[in-house]
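We just call them A, B, C, D and E in the order they show up, numbering each chain from 1.
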(Lines give C-alpha, C1' and ligand atoms only; values in the text may rest on other atoms or scores of the structure.)
Protein backbone atom coordinates (compact mmCIF):
# COMPACT_ATOMS: atom_id res chain seq x y z
CA UNK A 1 0.00 0.00 0.00
CA UNK A 2 1.08 3.57 -0.52
CA UNK A 3 -0.21 7.11 -0.11
CA UNK A 4 -1.37 9.40 -2.89
CA UNK A 5 -3.24 12.65 -3.35
CA UNK A 6 -6.48 12.72 -5.33
CA UNK A 7 -5.66 15.25 -8.04
CA UNK A 8 -8.67 14.96 -10.28
CA UNK A 9 -10.83 12.72 -12.38
CA UNK A 10 -10.52 10.75 -15.59
CA UNK A 11 -13.40 10.15 -17.96
CA UNK A 12 -12.94 7.05 -20.07
CA UNK A 13 -15.33 4.30 -21.03
CA UNK A 14 -14.14 0.86 -19.94
CA UNK A 15 -16.18 -1.74 -21.76
CA UNK A 16 -16.24 -4.37 -19.04
CA UNK A 17 -19.50 -5.02 -17.19
CA UNK A 18 -17.84 -5.04 -13.77
CA UNK A 19 -16.69 -1.43 -14.18
CA UNK A 20 -19.91 0.07 -15.55
CA UNK A 21 -20.68 3.40 -13.87
CA UNK A 22 -17.49 3.44 -11.83
CA UNK A 23 -15.79 6.78 -11.19
CA UNK A 24 -12.06 6.95 -12.06
CA UNK A 25 -9.88 9.11 -9.84
CA UNK A 26 -6.49 10.52 -10.87
CA UNK A 27 -3.89 10.02 -8.15
CA UNK A 28 -0.45 11.52 -7.65
CA UNK A 29 1.78 9.22 -5.61
CA UNK A 30 3.59 10.94 -2.70
CA UNK A 31 6.88 10.41 -0.84
CA UNK A 32 7.05 9.99 2.96
CA UNK A 33 7.14 13.79 3.47
CA UNK A 34 4.14 14.31 1.20
CA UNK A 35 5.95 15.64 -1.85
CA UNK A 36 4.80 14.19 -5.18
CA UNK A 37 7.02 11.52 -6.73
CA UNK A 38 5.74 12.25 -10.24
CA UNK A 39 4.08 8.85 -10.54
CA UNK A 40 0.41 8.69 -11.54
CA UNK A 41 -2.26 6.11 -10.90
CA UNK A 42 -5.89 5.90 -11.93
CA UNK A 43 -7.94 4.20 -9.24
CA UNK A 44 -11.39 2.97 -8.47
CA UNK A 45 -12.77 4.33 -5.23
CA UNK A 46 -14.07 2.27 -2.33
CA UNK A 47 -13.67 4.95 0.32
CA UNK A 48 -15.75 7.91 -0.84
CA UNK A 49 -12.63 9.94 -1.68
CA UNK A 50 -12.68 13.39 -3.22
CA UNK A 51 -10.26 15.76 -4.95
CA UNK A 52 -7.71 17.22 -2.53
CA UNK A 53 -7.77 14.31 -0.12
CA UNK A 54 -4.83 12.08 0.71
CA UNK A 55 -5.68 8.43 0.30
CA UNK A 56 -4.43 4.94 1.05
CA UNK A 57 -4.05 2.94 -2.15
CA UNK A 58 -3.81 -0.80 -2.75
CA UNK A 59 -2.26 -1.64 -6.10
CA UNK A 60 -2.38 -5.41 -6.49
CA UNK A 61 -4.90 -7.45 -8.44
CA UNK A 62 -6.24 -9.82 -5.81
CA UNK A 63 -6.33 -7.15 -3.09
CA UNK A 64 -8.03 -4.71 -5.42
CA UNK A 65 -10.68 -7.25 -6.35
CA UNK A 66 -11.28 -8.03 -2.64
CA UNK A 67 -11.86 -4.35 -1.86
CA UNK A 68 -13.92 -3.92 -5.01
CA UNK A 69 -16.02 -6.95 -4.19
CA UNK A 70 -15.86 -8.74 -7.54
CA UNK A 71 -13.66 -11.77 -8.01
CA UNK A 72 -13.16 -11.59 -11.75
CA UNK A 73 -13.12 -7.86 -12.43
CA UNK A 74 -10.19 -6.18 -14.22
CA UNK A 75 -9.31 -4.23 -11.09
CA UNK A 76 -5.85 -3.53 -9.70
CA UNK A 77 -5.69 -0.03 -8.18
CA UNK A 78 -8.28 0.74 -5.49
CA UNK A 79 -8.55 3.52 -2.92
CA UNK A 80 -8.91 1.61 0.33
CA UNK A 81 -9.27 4.55 2.69
CA UNK A 82 -9.21 8.31 3.07
CA UNK A 83 -6.29 9.29 5.29
CA UNK A 84 -7.11 11.15 8.51
CA UNK A 85 -3.57 11.75 9.76
CA UNK A 86 0.02 10.91 8.87
CA UNK A 87 2.59 11.17 11.65
CA UNK A 88 6.38 11.05 11.24
CA UNK A 89 7.52 9.75 14.60
CA UNK A 90 5.26 11.72 17.01
CA UNK A 91 4.79 14.76 14.77
CA UNK A 92 1.59 14.97 12.68
CA UNK A 93 2.62 16.08 9.18
CA UNK A 94 -0.72 15.64 7.49
CA UNK A 95 -4.21 16.05 8.84
CA UNK A 96 -7.34 15.87 6.70
CA UNK A 97 -9.29 19.12 6.59
CA UNK A 98 -12.45 17.35 7.61
CA UNK A 99 -10.57 15.81 10.55
CA UNK A 100 -9.82 19.32 11.89
CA UNK A 101 -13.46 20.26 12.21
CA UNK B 1 -4.23 1.63 -13.78
CA UNK B 2 -2.34 4.53 -15.29
CA UNK B 3 -2.49 6.90 -18.25
CA UNK B 4 -0.33 6.74 -21.36
CA UNK B 5 -0.17 8.22 -24.84
CA UNK B 6 -0.34 5.96 -27.88
CA UNK B 7 2.92 6.83 -29.64
CA UNK B 8 2.99 4.25 -32.38
CA UNK B 9 2.94 0.62 -33.27
CA UNK B 10 5.20 -2.38 -32.87
CA UNK B 11 5.39 -5.21 -35.38
CA UNK B 12 6.56 -8.47 -33.85
CA UNK B 13 5.36 -12.00 -34.24
CA UNK B 14 4.28 -13.59 -30.96
CA UNK B 15 3.98 -17.32 -31.48
CA UNK B 16 1.13 -17.94 -29.08
CA UNK B 17 -2.29 -18.83 -30.51
CA UNK B 18 -4.15 -16.42 -28.18
CA UNK B 19 -2.30 -13.43 -29.65
CA UNK B 20 -2.56 -14.29 -33.33
CA UNK B 21 -3.51 -11.22 -35.37
CA UNK B 22 -3.40 -8.86 -32.40
CA UNK B 23 -2.16 -5.30 -32.97
CA UNK B 24 0.60 -4.11 -30.61
CA UNK B 25 0.54 -0.45 -29.61
CA UNK B 26 3.56 1.46 -28.31
CA UNK B 27 2.67 3.52 -25.24
CA UNK B 28 4.52 6.30 -23.45
CA UNK B 29 3.53 6.50 -19.78
CA UNK B 30 2.60 10.02 -18.59
CA UNK B 31 2.77 11.89 -15.27
CA UNK B 32 -0.28 13.58 -13.71
CA UNK B 33 0.30 16.76 -15.75
CA UNK B 34 0.60 14.80 -19.00
CA UNK B 35 4.38 14.97 -19.42
CA UNK B 36 6.06 11.70 -20.43
CA UNK B 37 7.86 9.80 -17.67
CA UNK B 38 10.14 8.05 -20.15
CA UNK B 39 8.64 4.63 -19.43
CA UNK B 40 7.41 2.52 -22.34
CA UNK B 41 4.81 -0.19 -22.55
CA UNK B 42 3.60 -2.35 -25.41
CA UNK B 43 -0.09 -3.09 -25.05
CA UNK B 44 -2.89 -5.03 -26.60
CA UNK B 45 -5.91 -2.92 -27.41
CA UNK B 46 -9.46 -3.54 -26.22
CA UNK B 47 -10.70 0.02 -26.71
CA UNK B 48 -10.16 0.83 -30.38
CA UNK B 49 -7.30 3.21 -29.57
CA UNK B 50 -5.23 5.02 -32.17
CA UNK B 51 -1.95 6.92 -32.35
CA UNK B 52 -2.13 10.30 -30.60
CA UNK B 53 -4.82 9.29 -28.14
CA UNK B 54 -4.44 9.21 -24.37
CA UNK B 55 -5.48 5.88 -22.94
CA UNK B 56 -6.25 4.12 -19.69
CA UNK B 57 -3.97 1.12 -19.20
CA UNK B 58 -4.29 -1.93 -16.97
CA UNK B 59 -0.94 -3.64 -16.37
CA UNK B 60 -1.65 -6.75 -14.33
CA UNK B 61 -1.95 -10.31 -15.56
CA UNK B 62 -5.38 -11.32 -14.29
CA UNK B 63 -6.95 -7.95 -15.13
CA UNK B 64 -5.40 -7.97 -18.57
CA UNK B 65 -6.72 -11.45 -19.26
CA UNK B 66 -10.21 -10.39 -18.08
CA UNK B 67 -10.27 -7.44 -20.47
CA UNK B 68 -8.75 -9.54 -23.24
CA UNK B 69 -11.29 -12.28 -22.70
CA UNK B 70 -8.96 -15.29 -22.56
CA UNK B 71 -8.11 -16.92 -19.26
CA UNK B 72 -4.82 -18.49 -20.18
CA UNK B 73 -3.33 -15.98 -22.61
CA UNK B 74 0.11 -14.42 -22.02
CA UNK B 75 -1.45 -11.00 -21.56
CA UNK B 76 -0.49 -8.36 -19.02
CA UNK B 77 -0.78 -4.85 -20.52
CA UNK B 78 -4.14 -3.96 -22.04
CA UNK B 79 -5.66 -0.65 -23.11
CA UNK B 80 -8.94 -0.60 -21.20
CA UNK B 81 -10.31 2.70 -22.48
CA UNK B 82 -9.66 5.77 -24.59
CA UNK B 83 -9.60 8.83 -22.34
CA UNK B 84 -12.17 11.54 -23.07
CA UNK B 85 -11.08 14.06 -20.44
CA UNK B 86 -8.64 14.43 -17.57
CA UNK B 87 -9.40 17.08 -14.97
CA UNK B 88 -7.05 18.33 -12.24
CA UNK B 89 -9.45 19.51 -9.58
CA UNK B 90 -12.10 21.32 -11.68
CA UNK B 91 -9.81 22.29 -14.56
CA UNK B 92 -9.84 20.10 -17.67
CA UNK B 93 -6.19 19.56 -18.67
CA UNK B 94 -6.76 17.02 -21.41
CA UNK B 95 -9.64 16.61 -23.79
CA UNK B 96 -9.68 14.11 -26.63
CA UNK B 97 -9.86 15.73 -30.07
CA UNK B 98 -12.84 13.62 -31.00
CA UNK B 99 -14.54 14.71 -27.76
CA UNK B 100 -14.35 18.37 -28.94
CA UNK B 101 -16.43 17.77 -32.07
CA UNK C 1 11.77 -8.51 0.11
CA UNK C 2 13.44 -5.21 0.90
CA UNK C 3 14.47 -3.09 3.85
CA UNK C 4 12.72 0.04 5.08
CA UNK C 5 12.68 2.32 8.09
CA UNK C 6 9.50 2.77 10.11
CA UNK C 7 8.97 6.52 9.88
CA UNK C 8 5.58 6.91 11.44
CA UNK C 9 1.96 5.93 11.36
CA UNK C 10 -1.04 6.45 9.12
CA UNK C 11 -4.59 6.71 10.38
CA UNK C 12 -7.16 5.75 7.77
CA UNK C 13 -10.27 3.66 7.99
CA UNK C 14 -10.23 0.68 5.65
CA UNK C 15 -13.73 -0.71 5.39
CA UNK C 16 -12.82 -4.35 4.96
CA UNK C 17 -13.51 -6.76 7.81
CA UNK C 18 -10.09 -8.43 7.54
CA UNK C 19 -8.31 -5.17 8.32
CA UNK C 20 -10.45 -3.98 11.22
CA UNK C 21 -8.30 -2.65 14.05
CA UNK C 22 -5.04 -3.07 12.16
CA UNK C 23 -2.29 -0.50 12.71
CA UNK C 24 -0.83 1.07 9.54
CA UNK C 25 2.87 1.91 9.58
CA UNK C 26 4.53 4.44 7.26
CA UNK C 27 7.74 3.06 5.77
CA UNK C 28 10.58 4.74 3.92
CA UNK C 29 12.37 2.31 1.61
CA UNK C 30 16.18 2.31 1.95
CA UNK C 31 19.13 1.60 -0.37
CA UNK C 32 21.85 -0.96 0.49
CA UNK C 33 23.81 1.65 2.50
CA UNK C 34 20.72 2.67 4.46
CA UNK C 35 19.99 5.96 2.72
CA UNK C 36 16.32 6.58 1.86
CA UNK C 37 15.33 6.03 -1.78
CA UNK C 38 12.35 8.38 -1.48
CA UNK C 39 9.84 5.58 -1.97
CA UNK C 40 7.04 5.16 0.58
CA UNK C 41 5.02 2.14 1.60
CA UNK C 42 2.20 1.71 4.08
CA UNK C 43 2.38 -1.70 5.70
CA UNK C 44 0.56 -3.95 8.09
CA UNK C 45 2.75 -5.21 10.91
CA UNK C 46 3.32 -8.84 11.83
CA UNK C 47 6.58 -8.30 13.69
CA UNK C 48 5.79 -5.87 16.50
CA UNK C 49 7.71 -3.06 14.77
CA UNK C 50 7.94 0.49 16.08
CA UNK C 51 8.95 3.93 14.80
CA UNK C 52 12.72 4.20 14.25
CA UNK C 53 13.27 0.52 13.58
CA UNK C 54 14.57 -0.96 10.35
CA UNK C 55 12.32 -3.68 9.04
CA UNK C 56 12.14 -6.46 6.50
CA UNK C 57 9.18 -5.98 4.17
CA UNK C 58 7.37 -8.39 1.89
CA UNK C 59 5.40 -6.62 -0.83
CA UNK C 60 3.53 -9.30 -2.76
CA UNK C 61 -0.10 -10.29 -2.39
CA UNK C 62 0.14 -14.00 -1.69
CA UNK C 63 3.17 -13.63 0.59
CA UNK C 64 1.52 -10.79 2.46
CA UNK C 65 -1.63 -12.82 2.99
CA UNK C 66 0.46 -15.79 4.26
CA UNK C 67 2.20 -13.61 6.84
CA UNK C 68 -1.06 -11.89 7.72
CA UNK C 69 -2.84 -15.21 8.11
CA UNK C 70 -5.95 -14.51 6.02
CA UNK C 71 -6.32 -15.98 2.58
CA UNK C 72 -8.72 -13.48 1.08
CA UNK C 73 -7.68 -10.22 2.74
CA UNK C 74 -6.72 -7.14 0.68
CA UNK C 75 -3.15 -7.34 1.94
CA UNK C 76 0.04 -6.79 -0.05
CA UNK C 77 2.67 -5.01 2.09
CA UNK C 78 3.54 -6.66 5.39
CA UNK C 79 6.42 -6.17 7.85
CA UNK C 80 7.82 -9.68 8.18
CA UNK C 81 10.55 -8.96 10.69
CA UNK C 82 12.39 -6.31 12.68
CA UNK C 83 16.02 -6.18 11.53
CA UNK C 84 18.68 -6.91 14.15
CA UNK C 85 21.76 -6.33 12.01
CA UNK C 86 22.72 -5.56 8.43
CA UNK C 87 26.26 -6.39 7.37
CA UNK C 88 27.98 -5.30 4.16
CA UNK C 89 30.56 -8.06 3.65
CA UNK C 90 31.90 -8.54 7.20
CA UNK C 91 31.22 -4.99 8.42
CA UNK C 92 28.03 -4.37 10.45
CA UNK C 93 26.46 -1.18 9.07
CA UNK C 94 23.22 -1.31 11.01
CA UNK C 95 22.48 -2.67 14.44
CA UNK C 96 19.16 -2.30 16.18
CA UNK C 97 19.33 -0.28 19.39
CA UNK C 98 17.66 -3.04 21.31
CA UNK C 99 20.21 -5.50 19.94
CA UNK C 100 23.04 -3.45 21.57
CA UNK C 101 21.69 -3.87 25.06
CA UNK D 1 4.93 -5.87 -22.20
CA UNK D 2 7.90 -3.68 -23.03
CA UNK D 3 10.76 -3.43 -25.49
CA UNK D 4 14.39 -4.25 -24.79
CA UNK D 5 17.63 -4.85 -26.66
CA UNK D 6 19.41 -8.18 -26.39
CA UNK D 7 22.82 -7.11 -25.09
CA UNK D 8 24.42 -10.43 -24.34
CA UNK D 9 24.20 -13.66 -22.47
CA UNK D 10 24.38 -14.82 -18.88
CA UNK D 11 25.78 -18.18 -17.82
CA UNK D 12 24.40 -19.38 -14.51
CA UNK D 13 23.20 -22.76 -13.39
CA UNK D 14 19.58 -22.72 -12.19
CA UNK D 15 18.92 -25.93 -10.32
CA UNK D 16 15.28 -26.34 -11.30
CA UNK D 17 14.34 -29.13 -13.72
CA UNK D 18 12.07 -26.88 -15.80
CA UNK D 19 14.98 -24.59 -16.71
CA UNK D 20 17.58 -27.24 -17.54
CA UNK D 21 19.45 -26.33 -20.72
CA UNK D 22 17.72 -22.98 -21.13
CA UNK D 23 19.72 -20.07 -22.55
CA UNK D 24 19.63 -16.84 -20.50
CA UNK D 25 19.70 -13.57 -22.42
CA UNK D 26 20.78 -10.23 -20.95
CA UNK D 27 18.34 -7.46 -21.88
CA UNK D 28 18.61 -3.70 -21.64
CA UNK D 29 15.17 -2.08 -21.33
CA UNK D 30 14.57 0.83 -23.75
CA UNK D 31 12.47 4.00 -23.70
CA UNK D 32 9.97 4.85 -26.48
CA UNK D 33 12.73 6.46 -28.60
CA UNK D 34 15.00 3.43 -28.21
CA UNK D 35 17.44 4.89 -25.68
CA UNK D 36 18.37 2.57 -22.80
CA UNK D 37 16.66 3.25 -19.48
CA UNK D 38 19.46 1.57 -17.52
CA UNK D 39 17.22 -1.25 -16.34
CA UNK D 40 18.36 -4.84 -16.89
CA UNK D 41 16.43 -8.05 -17.23
CA UNK D 42 17.54 -11.64 -17.72
CA UNK D 43 15.05 -13.51 -19.87
CA UNK D 44 14.28 -16.91 -21.23
CA UNK D 45 13.81 -16.94 -24.99
CA UNK D 46 10.78 -18.24 -26.84
CA UNK D 47 11.37 -16.29 -30.05
CA UNK D 48 14.79 -17.32 -31.29
CA UNK D 49 16.28 -13.93 -30.38
CA UNK D 50 19.95 -13.06 -30.77
CA UNK D 51 22.36 -10.37 -29.57
CA UNK D 52 21.69 -7.00 -31.18
CA UNK D 53 18.00 -7.60 -31.77
CA UNK D 54 15.17 -5.58 -30.24
CA UNK D 55 12.63 -7.80 -28.56
CA UNK D 56 9.18 -7.79 -27.05
CA UNK D 57 9.30 -8.90 -23.41
CA UNK D 58 6.59 -10.20 -21.11
CA UNK D 59 7.51 -9.85 -17.44
CA UNK D 60 4.72 -11.47 -15.44
CA UNK D 61 4.66 -14.92 -13.92
CA UNK D 62 1.53 -16.42 -15.42
CA UNK D 63 2.16 -14.92 -18.86
CA UNK D 64 5.76 -16.06 -18.80
CA UNK D 65 4.74 -19.58 -17.90
CA UNK D 66 2.16 -19.60 -20.73
CA UNK D 67 4.78 -18.59 -23.29
CA UNK D 68 7.30 -20.98 -21.77
CA UNK D 69 4.80 -23.82 -21.84
CA UNK D 70 5.22 -25.08 -18.26
CA UNK D 71 2.63 -24.31 -15.62
CA UNK D 72 4.77 -24.63 -12.52
CA UNK D 73 8.14 -23.37 -13.72
CA UNK D 74 9.95 -20.49 -11.94
CA UNK D 75 9.56 -18.28 -15.00
CA UNK D 76 8.70 -14.59 -15.10
CA UNK D 77 10.62 -12.81 -17.88
CA UNK D 78 10.22 -14.27 -21.38
CA UNK D 79 11.06 -12.91 -24.83
CA UNK D 80 7.76 -13.23 -26.65
CA UNK D 81 8.86 -11.94 -30.04
CA UNK D 82 11.66 -10.41 -32.07
CA UNK D 83 10.65 -6.90 -33.16
CA UNK D 84 10.49 -6.25 -36.90
CA UNK D 85 9.60 -2.56 -36.81
CA UNK D 86 8.73 0.16 -34.32
CA UNK D 87 6.88 3.19 -35.66
CA UNK D 88 6.30 6.47 -33.82
CA UNK D 89 3.12 7.75 -35.48
CA UNK D 90 3.81 6.98 -39.17
CA UNK D 91 7.61 7.19 -38.98
CA UNK D 92 9.55 3.93 -38.65
CA UNK D 93 12.20 4.50 -35.97
CA UNK D 94 13.45 0.94 -35.70
CA UNK D 95 13.70 -1.76 -38.33
CA UNK D 96 15.34 -5.11 -37.73
CA UNK D 97 18.41 -5.70 -39.94
CA UNK D 98 17.01 -8.99 -41.13
CA UNK D 99 13.74 -7.20 -42.04
CA UNK D 100 15.70 -4.94 -44.47
CA UNK D 101 17.04 -7.80 -46.57
CA UNK E 1 14.83 -12.12 -13.61
CA UNK E 2 17.65 -9.70 -13.02
CA UNK E 3 21.25 -9.60 -11.83
CA UNK E 4 22.46 -8.40 -8.45
CA UNK E 5 25.58 -8.49 -6.32
CA UNK E 6 25.50 -10.15 -2.90
CA UNK E 7 26.57 -7.30 -0.65
CA UNK E 8 26.03 -8.78 2.76
CA UNK E 9 23.61 -10.37 5.14
CA UNK E 10 20.55 -9.35 7.09
CA UNK E 11 19.64 -10.79 10.48
CA UNK E 12 15.93 -10.59 11.21
CA UNK E 13 13.55 -13.08 12.72
CA UNK E 14 10.63 -13.91 10.43
CA UNK E 15 7.98 -15.66 12.45
CA UNK E 16 6.68 -17.95 9.75
CA UNK E 17 7.42 -21.68 9.98
CA UNK E 18 8.40 -21.94 6.29
CA UNK E 19 11.27 -19.49 6.77
CA UNK E 20 12.72 -20.86 10.01
CA UNK E 21 16.51 -21.03 9.85
CA UNK E 22 16.73 -19.39 6.42
CA UNK E 23 19.66 -17.10 5.68
CA UNK E 24 18.77 -13.64 4.31
CA UNK E 25 21.16 -12.10 1.80
CA UNK E 26 21.38 -8.39 1.03
CA UNK E 27 21.48 -7.75 -2.71
CA UNK E 28 22.35 -4.66 -4.72
CA UNK E 29 20.64 -4.67 -8.12
CA UNK E 30 22.97 -3.94 -11.07
CA UNK E 31 22.57 -2.36 -14.50
CA UNK E 32 23.65 -4.15 -17.71
CA UNK E 33 27.25 -2.90 -17.33
CA UNK E 34 27.42 -4.07 -13.72
CA UNK E 35 27.09 -0.69 -12.01
CA UNK E 36 24.71 -0.61 -9.04
CA UNK E 37 21.28 0.91 -9.66
CA UNK E 38 20.83 1.79 -5.98
CA UNK E 39 17.96 -0.67 -5.54
CA UNK E 40 18.15 -3.20 -2.72
CA UNK E 41 16.57 -6.60 -2.31
CA UNK E 42 16.68 -9.13 0.51
CA UNK E 43 16.58 -12.65 -0.86
CA UNK E 44 16.42 -16.24 0.20
CA UNK E 45 19.17 -18.34 -1.31
CA UNK E 46 18.68 -21.52 -3.32
CA UNK E 47 22.06 -21.43 -5.07
CA UNK E 48 24.67 -21.46 -2.31
CA UNK E 49 25.59 -17.82 -2.98
CA UNK E 50 28.11 -15.85 -0.94
CA UNK E 51 29.11 -12.23 -0.42
CA UNK E 52 30.88 -10.77 -3.45
CA UNK E 53 29.19 -13.03 -5.99
CA UNK E 54 26.92 -11.87 -8.79
CA UNK E 55 23.65 -13.72 -8.78
CA UNK E 56 20.55 -14.34 -10.86
CA UNK E 57 17.43 -13.29 -8.97
CA UNK E 58 13.78 -14.19 -9.45
CA UNK E 59 11.43 -11.69 -7.83
CA UNK E 60 7.90 -13.03 -8.30
CA UNK E 61 5.81 -14.90 -5.77
CA UNK E 62 4.94 -18.07 -7.63
CA UNK E 63 8.41 -18.43 -9.16
CA UNK E 64 10.04 -17.80 -5.81
CA UNK E 65 7.88 -20.43 -4.14
CA UNK E 66 8.74 -22.94 -6.92
CA UNK E 67 12.47 -22.41 -6.40
CA UNK E 68 12.05 -22.44 -2.64
CA UNK E 69 10.04 -25.63 -2.79
CA UNK E 70 7.09 -24.61 -0.60
CA UNK E 71 3.75 -23.74 -2.12
CA UNK E 72 2.37 -21.54 0.60
CA UNK E 73 5.46 -19.80 1.94
CA UNK E 74 5.73 -15.99 2.09
CA UNK E 75 8.52 -16.03 -0.48
CA UNK E 76 9.03 -13.62 -3.37
CA UNK E 77 12.75 -12.91 -3.91
CA UNK E 78 14.97 -15.95 -4.42
CA UNK E 79 18.53 -16.33 -5.70
CA UNK E 80 18.13 -18.85 -8.50
CA UNK E 81 21.75 -19.14 -9.53
CA UNK E 82 25.28 -17.89 -9.05
CA UNK E 83 26.46 -16.21 -12.24
CA UNK E 84 29.53 -17.69 -13.93
CA UNK E 85 29.89 -15.19 -16.77
CA UNK E 86 28.08 -12.20 -18.26
CA UNK E 87 28.90 -11.34 -21.87
CA UNK E 88 27.92 -8.15 -23.70
CA UNK E 89 27.83 -9.30 -27.31
CA UNK E 90 30.97 -11.48 -27.52
CA UNK E 91 32.94 -9.69 -24.80
CA UNK E 92 32.94 -11.22 -21.30
CA UNK E 93 32.38 -8.35 -18.84
CA UNK E 94 31.98 -10.41 -15.70
CA UNK E 95 33.54 -13.70 -14.73
CA UNK E 96 33.14 -15.28 -11.32
CA UNK E 97 36.42 -15.62 -9.42
CA UNK E 98 35.81 -19.29 -8.88
CA UNK E 99 35.19 -19.68 -12.62
CA UNK E 100 38.75 -18.38 -13.31
CA UNK E 101 40.43 -21.14 -11.38
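In the analysis below, a contact is a pair of C-beta atoms (placed from the backbone, for glycine too) under 8 Å apart; a residue touches a chain by one contact, two chains touch by 3 or more.
Computed from a prediction, not measured in an experiment: that's the story for all the values here.
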When the C-alpha atoms of chain B and chain C are each averaged to a single point, how far apart are the two points in Å?
-> 33
Whole-Å gap between the CA centroids of chain A and chain B | 21
Multi-partner residues of chain B (at least 2 other chains) | 60-62
Report the topology of the inter-chain touch graph, choosing from line, ring, star, complete and other.
-> ring
Order of the ring members, counted from chain A so that chain C is second = A, C, E, D, B
Which chain B residues qualify as touching chain D in the complex?
-> 7-16, 18, 24, 26, 28, 36, 38-43, 51-52, 60-62, 72-77
Could you please specify the touching residues of chain A with respect to chain C in the complex?
-> 1-3, 29-32, 37, 46-47, 55-56, 58-64, 66-67, 78, 80-91, 93
